[in-house]
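Shared between the two complexes below is chain A, which has chain B as its partner in the first and chain C in the second.
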Partner chain A sequence: MKNKKKPPGRKSVSYSRYGYLFIAPFFIAYLIFSLWPLLSTFYYSLFEYTTRNLRTTISFAGLKNYLSVLGISEGERGYFLTYLGNTLRLWIFNFIPQIILSLLAAAWLTDNRVKLKGGGLYKVMIYMPNIITAASISLLFCALLSKYGPIMSMLRSWGWIGENTDIMLSKWGTGISISMILFWMWYGNTTLLLIAGMIGINPSLYEAADLDGCNGRQKFFKITLPLLKPVLLYVLVTSVIGGLQLYDIPALFNVGQGTGYMGGPNDTSTTVTMYIMRLHTTDTGRAAAVSVLLFLITLAVSLLFFRVFSGSEEYEKAKRERRRRRAGRKGGGSSEG
Partner chain B sequence: MATVSLRHIKKIYPGAGEGVTAVQDFNLEIKNREFVVLVGPSGCGKSTTLRMVAGLEEISDGELYIDGKLMNQVLPKDRDIAMVFQSYALYPHMTVYENMAFALKLRKTPRAEIDRKVREAAEILDITDYLDRKPRALSGGQRQRVAIGRAIVRDPAVFLMDEPLSNLDAKLRGQMRAELIKLRKRIDTTFLYVTHDQTEAMTLGDRIVVMKDGVIQQAGTPQEVFDHPANLFVAGFIGTPQMNFLDGQLLLENVKYAVEVDGFRAELPEEKQEKLRAAQAAPGSVTVGVRPEHIALAQAGEGIRGQIDVSEMMGSSVHLHMNAAGRDVVAIVSTQGSDGKGVSVPPMGAETHISFGGNVVHLFDPQTGKNLEL
Partner chain C sequence: MMKKTLAMLLALTMTISLTACGGGGTEKTSEPAAETEEASQTEETEDSGTAEETAAASEDAVPENEITGDPSAEDAFVIWAWNTDFVTLQGLLTEKYPELADRLVFVNCGGSGYYQDKIDALLDDPSNELYPDLMLLEAGYVQKYVRSDYLLSLADLGITAEDTAEQFQYNIDLGSDTEGVQKASFWQATPGCIQIRADLAEKYLGTTDQAELEEMFSSWDSILEAARTVNEASGGKTKLFSGYDDLKYIFLNGARSVGWYDENDVIQVDDAMIEYMEYSKQLYDEELTFNTMMWGTDWAALKDGDGETTEAALAYTGCPWYTYWSLTDTWDGNTILVDAPVQFYWGGTGLAATADCSDTDTAALIIRTCTCDPEFMTSIYEANGDFVNNQAAIKDIIEENLKGTSTFTLYGDQSIPEFFSTRGQGVDVSLVTAEDMTICETLFPAAVTAYATGKSDLDTAIADFKASVHDTYSYLKVE
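Up next, the complex of A and B:
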């Protein structure tokens, strides 16, 4: 009898303890490999690293590194904005056609009335490029699009071009090619996400819309798109973050005809992360400053999107209020006006 | 306000072989301002029929006329109909106001008129306070009202309702049923209502259409269908608890019909005699249908002997489930006599005797299931 009696506190089992145990590895890895490097990057960005006679001296520089990469310092040409422009250009030319075509494909593949045959095979096919490593894809396209590669030869044999052109020498040739590769790689992924979002929309909403008098276009814009907002936000934010950190494809695509100099021609396909990579061995301080700027921009853009998408409810409320007041005035006033 | 006419309507879903027939040769003339209820068990084709009227399902064969105009190929939006869905189908990203105004906006109705109509409908349905809310912030009953409101503002020629109350709990369903009856008086239009609940059908419909396996079993006023079910299916489907069926004999002696079940004989009234004579009913085996409320307990030695399995106390009455004449029989016995005094009800397991009058029996052909009087 005596042994069976235990203090009341020990009877209950604290299950949350196991929960913490299971999620601990993530937090430990995050602290060591993400949070610490992030904070130390802020710290490094405030110092100047000068190497002379194999000796590196470190001195506090304040915001000098930032001013330098932004081109605000006197006598220095900052490359940050140029490369940020390149990055955005490469991303936009991939993202805009990607989202439009993905929406179209998703709308077609989920429409019960269209009943496309082979939809499953199509989904597999468009997703395939996403599982190949970016390096392989970059090199593959580099070979396909090279001056004496199969595409140029084909175009010439069809008589579409007079002589083989080297797109690697053209800013737009290189840029569009990189955007196209990115599009090819991510189109399937985006389409599948949008399909998942569209399947989640209650089909009777479309029937109600049919009865309410919507045509196909109105159904898409007034029902599908607003209800896809969370998925669209996810696609947009992940794509922007991925786009701002764009590295592998441009770094391996135009490598200066074997000279190994990336981002050609004339650095027009150099992205911000390529800039960081270029700086980090010789100029840690400025590399850190660029990283911090990139982080801040990513953060700002993500916050902005979340605000625009989720904050719109407040905005709509205000809009309704205004409209109601207007209608109230026109209709001779209402009880709630 | 409009007439709806369904002529030889058929729905065949493509499939292996000849496909699956959901609705077979459906014929129905719905009068202007009539409230017609399609009722039947799951899969009987009632929703499919409604959806064909709405234009959400293609009509495989036959013709659909609304107000005399052929509608088979007309788009749903051009049929001048409104529909309330079982799932309500409210647009989740729009407020109650926007949901109700949506159809009018698409029709380019002036803003002031939209506002007036929406507020009027909201007033009728008592949802004015929720106009600024999104559907997810409403309860099931409120959503139901919004769905009805969305249909009202359209002022449609035909009002279609697809099991609108089946997602509500029993209490709310009862309330909404009463409100639909009131609402129906306010909005004077043609209704086509689908339900699997025979109580809804009986209470709401001017006329009810009982369906099974894609075929109309009977169409008539609730009273007609209840009093004169066309066949065994209708007899069993309409009325709760359902009608009892007993194996009996139809006797014809001296040009007079009578019924005998397990030695108990019931004489038929003149009205039934005439109907049976007119239908030239042949004497022999019949299925005798008697509603539970028409079964009375008899003195020992009289009537049909039965043994009580379960006794369910309902307050003012007791439902006695018993085995009599080889069939399961339910009898509803009042716990109060006409003098207001309590009546003793036999306990579970007890042996009892039941009887019924000849005026309340329904006679069906045991093979075809058809009512012999019709």
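Up next, the complex of A and C:
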């Protein structure tokens, strides 16, 4: 890095503006397609929109929409909280097995001692489910797991499940199925991230550990896991953000005829984004309020994790390092690198 | 190399998370990605097998409009639909009026689930070259448009009550607003029935005689009896109906005497709907159906079971378009039609001209030809087998024993046009509201399932239902 401030009178070619040009498309697209809709959502959420027979009336409502979806105002149910609960339940049962299996797979695939054959092929294969469109996967599993679908018929003929077992009528059956689909879809992605993280760990640490007579387990818990913390946190944050916005799988999995607005059975697999979709045609204001709440929660969760992240030793060290460098530069530039 | 891989991976995940984050802050994304094609319970579903395939193929993104004709032409006349049904009619029209051939622009939005979102945005924008001059409307949401300010009445187009005199009354009512002004005109009539698989009826009900079966299906009690008989006789491999959900249109579109809300917008549940919930519970408790939901995989598969080694349903709720389009080969020459305990209708497609229609004469010509002209409507029947909404045409078809292109036949000497010609009379459709489609197909079935399966008691199920209606349509009130 060069100092940005040039002594007056001295000519030099500044290449930084080309850099700005290169990153400009992203920021322009971001401002128009992300930031502006985000801000306008806040604005919309303060109005009461009623669309009836295609005639829309709009009136200022203050925080009424928020009170309504949170069930605070009288006569309203807090659907938002119910659906948030559903969403988190679907997410957590996908994340726990996912992170365990991914860690295991990543540890094996990177271990120099195990030296798995066909590791590359395996990496490609576990990523495959993520390539297929979620909608197709959802419909496929819906057919496979339906009461008279192949899987359930097979289990029934083996006598493993009762004559009338139908996961589509069971809250936990449906919930766990959705979680398992998500798990299956995403663990490849997570594994690859963790592999990338593990490859980045200095191999000499493992060599030293080997010399000291560590077993595989000790190496995993004492070396791999602590040094993997940043990547783990990244995985956690992206997963929780994705999880909160869970839509495609539950919106197509156990929804009766018609729409993906209500997840069966008895509304127990409806997620927050499905709720937004249900409201957006009839009640833009409340749909916006739900979106804003979801945004705030996402933000809070992300900040919380970054806080945890910043508490880590690695991060502190990096920060100290950066400060020292910056002090050396005497306040030149604000880029954090 | 390592760094490269890592960078690639991070870039990839960033892109993924970016797209994933897109929905969070923006409620404006109007992609009804979830609305499965199965949604469309009307005639665009030829059989649910294809419905699923289309759904699977197009669910992730809103499909492109398929446009035939040149919308930028000066005299373009744009017609909007969600499937290709109208193409047959358009072919017949241009045969009769060749001058229309170059003008008609047909827009197929790609699926019933996307139709409303796409067209609602256009209706506010008459300057758009794709602004519909004529639009197709499905019975489930026809009232939403009829009650809006976006349609012309038939009277505006110069189509009189005399022109529509041969239409079935309930179809006229379905296309009319609360003041009785008709805006949408249907070319199909859709009286309901119950369709019985003859081979299974022979085996488990002991008869294929229409009169005897009619008797068995004459009341809800006798249907319950028949359901028990079938269940016992087949050892549970065959059930009378695939699911209690199958009966919903009979109750919704025939047994109700009040709509979903009263004149003060207070949500109400008709006694007939409570009766339906109780009936569903009884069917569920006694295991008399397979508890499938309509248009699901199991529901479709149960049409083709043999009833001995594989599960099968003996009867399905039907109507003309369903009978000749959605039944599988198993049912060809093997279907007996009988009446449900009440007369009802199911589905139907109407034509309506929009408020800013560029050429009302052409709109009038098309609507009059397709929905009022017995001769033309007979040719529709011959071309695609539609049970047309014209009593004179139906009479001709029966008298001259005309055959459409459809090779589907009923069991014995029963004839589709003859059976339906006297059905659907006296059905009260004045209680259909603009919100009916979502309430009838999403919100109410959820309440029925909750109660039938014992997840909620009756009061809770109804309270939950009302709350969900109010939550979806905040202008409708709970008490």
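Some points to look at:
Keep this in mind: the second predicted complex is superposed on the first by the 278 of 337 C-alpha atoms of A that agree within 3 Å, B and C clash if a C-alpha of one lies under 4 Å from a C-alpha of the other, contacts with A are read in each partner's own complex, and residues count from 1 in each chain.
Criterion: a residue touches a chain if its C-beta (ideal position, glycine included) is under 8 Å from a C-beta of that chain, and two chains touch if they have at least 3 such contacts.
The shown structure was predicted, so the numbers you read here are calculated from the model rather than taken from an experiment.
Looking at the superposition, the partner that touches the larger set of chain A residues, chain B or chain C, turns out to be C. In the superposition on chain A, A:Val240 makes contact with neither chain B nor chain C. By the touch criterion stated above, A:Pro226 is placed in contact with chain B alone, chain C being left untouched.
In the superposed model, A:Arg77 makes contact with chain C only, not with chain B. When the two complexes are overlaid on their common chain A, residue A:Ala107 makes contact with neither chain B nor chain C.
When the two structures are aligned on the shared chain, A:Leu211 is found in touch with chain B, with no touch to chain C. Chain A residues in contact with chain B (one complex) as well as with chain C (other complex) do not exist. If you check the complex, the residues on chain C that touch chain A are 2, 5-6, 9-10, 13, 16-17, 20-28, 30, 32-36, 38-39, 41, 52, 55-57, 59-60, 113, 116-117, 120, 123, 144-145, 147-150, 236, 245, 287, 290-298, 301-302, 311, 434, 437-438, 441-443, 445-446, 449-450, 453, 455-456, 464, 467-468, 471-475, 478.
Remark: chain A residues 202, 204-205, 207-214, 218, 222-223, 226-227, 229, 317, 320, 324, 327-328, 330-331, 334, 336 touch chain B in the complex. Looking at the complex, you find that chain A touches chain C at residues 33-34, 37-38, 40-41, 44, 50, 52-55, 68, 75-77, 79, 133-136, 139-140, 142-143, 146-149, 163-164, 166, 169, 189, 192-193, 196, 199-200, 238, 241-242, 244-245, 247-248, 251-252, 255-262, 264-267, 273-274, 276-284, 286-288, 290-292, 294-295, 298. Within the complex formed with chain A, the residues of chain B that make contact are 54-56, 75-77, 81-83, 85, 87, 89-93, 95, 97-98, 102-103, 106-107, 111-112, 115-116, 119, 128, 132, 150, 154.
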